[in-house]
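I'd like to ask some things about the structure below.
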Amino acid sequence: MRRISVFGRDSITPSLALVYALMVLVFSLINPRFFSLGNFKAIMASLAISGIVAIGLTPVILTRNFDISIGSIFGLGMVVVAKLFNIPGTAIPIPVIILAGLSVGVVIGAINGFLITRVGINSIIVTLGTLAIFRGLTFYWSLSNISIPKEAFLRLGRYFVFDVVPLPFIYFIVLLVMGYFLLRYTPTGRNMYLVGANPTAARLAGIKISRSQFIPFIISGFMAALGGVINASQVGFANSTFGTGYEFKILTIVVLGGISLNGGRGTLPGVFFATLIIGSISNGLALIDIPINWRDAFIGIILIVAISVDSLQHQMKTTGVFKSSKRNTILLKDKTV
Amino acid sequence: MPGMKKRAIPDTAILLIFLVALTALFSTTGRNFFTYANISTMLNNMVVAGIIAIAITPLIITRGLDISFGASLSLSTVIMAMLYDRGTPQLTCLLIGLLLPIFVALFNGVLAEYLNLIPLILTLATTSILIAVGQVLTNGRSILMITDELFNFATKSPFIIPYPVVILILILLVYWYFLSFTKTGKQIYFIGANPRAAKLSGMRVKFIKIALYLAMGLVTGIAAIIMVSLSGIGYIYHGNNLTLPVLSAVFLGGMSLAGGEGSIWKTVIGVTIITVIFTGLSLMNIQFYFIQIFQGLALVIIVAFYEIRKNRQVAK
Amino acid sequence: MSITDRTVVLRDGKKVGDVLTDETSKQDLVNMIVGKDFSELYPKKDIAKGNIIFEVKNLSYLDKLHDISFCLRAGEIVAFFGLLGSGIHLLFNVIFGDLKKTTGEILIDGRITKITHPSAAKKNNLGFVPIDRKEEGVALSMDVKTNIMAANIENIGKGMRINKRMETKRSEEWVEKLSIKTPSVDAVLNNLSGGNQQKVVVAKWLERESRILLMAEPTRGIDVGSKAEIYKIAEEFCQKGSGVLIVSSELPEIMAISDRILVMKDGMIVGEYRTEDTNPSELMHIVTS
């Protein structure tokens, strides 16, 4: 089988790894506490969650769609799990509860996917709607904090393998590898790249576009819910505000990671390093005495820079020059912006 | 006649029917709905979201988008209130409050057009920066700004309708006339339909689009002033309850993100529907989260309805 | 003609001929397709040439076009011929201001003119019929009258307001003059055939009263009847003292309608000929050598 040239060739993964290394250097020089094992353990434990959700968003962006409901799915997943642990009288087995939380993500993902690929509504509008609906539902179920007493469950998110590696980080790596395998070596994954790069050509080549665009939403819903479940385990409680605005951070990770917003380009290793970068920012900023409120501003600036680079790269690729307007041509129906 | 746009029942009519049905539904649930006080409150609620929805309409028609209006408005109210708190003359505060969203819009427009960035993502990033600035300045606290002029503006109007509503109507008329009857309006629809062909026909696409961003910035500034006069505070989270309703209203009104179509009246009906839902449910003492669920459902259901109609027409 | 046994001709949705190919001449087929006696597919060329109205000097664009220089006289049709990669499909975009030239000057009626954007080109009475009419020439979802007036919106009405009656009237005039087949000027452009869509694009620039028309592959993908009509339009256009530059990969077309041919290869002009002094094989030889 012919290798698709989108892999590897103009990969930005090495640059991202370099940026991360520089970042660690700078933060550590300003405050050596950054470079301690304890600090890294804490950072890795929490960024693993963002990474997992980012893995989920990746195929959605690859196939030229958006999913801004992942924040709501994340929050709902947390609340569902927390509530199930607190039903008086019964003790539902942990695996069942986790499964329930995950299925929330799958169901919402399926709803999103159905409305987008079968009914044909733009993904931004659909996920805007589901963001509202399920955020509202989350509020309804959790007006105050719901704590999770179950010790065994809490360990799932807090355990450190060999006392060094956080368990969630291992989940992250495993999912990363699985995702990489799916995208690069299976027909499903390759089709996603083709559909994203050129939907018309993909359709004429016999690929079922609606299927290639449906599956990513299931994946993003699942990962968002999984992130929520692990987060519930780490913080030990749930409330209605978790996950609000999360889609912004995850989107930044994905775009920084080299997944092109024009579809069909980018690989998961880039997302891995982008997760490290974005995930370390809050911690780094706090340790160098910059008020935590500035964190989102930093991430916003990073996002603007990332999409600018992405746009310039795309223009180079399609026209050979730094000239705009190629993006403005009419795309597949109005499924994309 | 073959080749012409055929609609059994126009979209606008369907929207109106839905609106009427909704109003009927709510008026049966309580005698409060059709009172002067309620309609007045409802109209006031509508104004801020309404003028922004109107201003964003031509922008979306040209395939632009700016979701930073909530943050822009909020930061503007914060800055106005903070300056006033420090003794800056009221007029200067209001002027700065008017200018800030215009600068934000300029930033968004220039970057989106000259760097060819996807407006949704760009303005998502801008939003985060604006909110961060507001949080640093206020830590989430609200700052009072109540003046005689603003109070009078909000409450004392010689007409039957409050001043803010007068502004809404003025902006509505201006934008409606502009889009439907002027040469630039025609260009706007053409640009949305095919930006490339527009450029090659000699239209100044970038210029017009940036102008639309700026106009929306101005309207956002006006909305910020109205918001301060209605609420009395500068508050960085004012925009939280604005973004979703405005976007829902615009898409309820049948706007397509692909550009090239849309109308001010449909947007206005969309805003009215959202406001009726909000006010009606509030009157029934329904909690805010249900309102959010309801608005989200309304958006999804109505847009799905549009799409299914469109699919069936194409299939015929 | 060489591979079929029978030919069935459809026109306007009706079958107008069902003949044995061997017993039919090309001219007969053309007549059946077009519906009238079209003994001249291509117009006569006996227009007097005037002064130089348009000139390009030392134009270059990145590494794709080098040192292009040529001129155009009133009443002339000048054709550019070249293979893929020769740059002919970029040239007009650069001239029209869609792409920014690296060096060079454009002179209109002898005056150096700065063209940095299609709006400036338009103001200087240039018109452009792009290669890809669906993507670049028309807005498919808009109606005929909007598309015809698209380059002249500033002039349909006083002040800011559009005079809708003028819009309709003027576009109806063009539909009539160019024989554009459409149910009405309010019909959506997507429903017109390729040839009629192309006529709308041409009408757009005629409405604007352009004097120099740049046409890139003007008859690509168009039926024979519309092709002939477009050639006729170009000829009439030249008779009024205007000039036409065309890019075409159809040698018969170039040979038949142009006065001069400029051959391009690797971004440069490698030959300039008066059409009557050359022939297709010579031209092909130059581009492939």
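Order as written gives the chain letters A, B and C; numbering starts at 1 within each chain.
Going forward, a residue touches a chain if its C-beta (ideal position, glycine included) is under 8 Å from a C-beta of that chain, and two chains touch if they have at least 3 such contacts.
None of these values were measured; they are calculated from a predicted model.
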Could you tell me which chain lies farthest from subunit A when each chain's centre is the average position of its Cα atoms?
C
Out of every possible chain pairing, which has the most C-beta contacts?
A-B
Can you figure out the chain closest to the middle, judged by Cα centres?
B
Please tell me the distance, in whole Å, between the geometric centres of subunit B and subunit C computed from their C-alpha atoms.
44
Quick check: how many Å separate the C-alpha centres of subunit A and subunit B?
29
Centroid spacing, where centroids are CA-atom means, of subunit A and subunit C in whole angstrom:
50
Sequence positions of subunit B contacting 2 or more other chains:
194, 196, 199
Residues of subunit A touching 2+ other chains?
329-330
Per-residue overlap in subunit C, given as positions that touch at least 2 other chains
135
Which of the residues in subunit B end up touching subunit C in this complex?
1-5, 181-187, 189-190, 193-194, 196-204, 260-261
Give the list of subunit C residues in touch with subunit B in this complex.
96, 98, 117-119, 121-123, 128, 130, 135-142, 146, 150-151, 153-154, 156-157, 160-162, 182-184, 186-188, 191-192, 204, 208
Over in the complex, which subunit B residues touch subunit A? Could you list them?
63, 65, 111, 113-122, 124-129, 131-133, 135-136, 139, 194-196, 199, 244, 247-248, 251, 256-258, 287-297, 299-300, 303-304, 307-308, 310-311
Tell me, which parts of subunit A touch subunit B in their complex?
66, 115, 119-122, 124-126, 128-140, 240, 245, 248, 251-252, 255, 261, 291, 293-297, 299-301, 303-304, 307-308, 311-312, 315, 324-325, 327-331, 333-334, 337
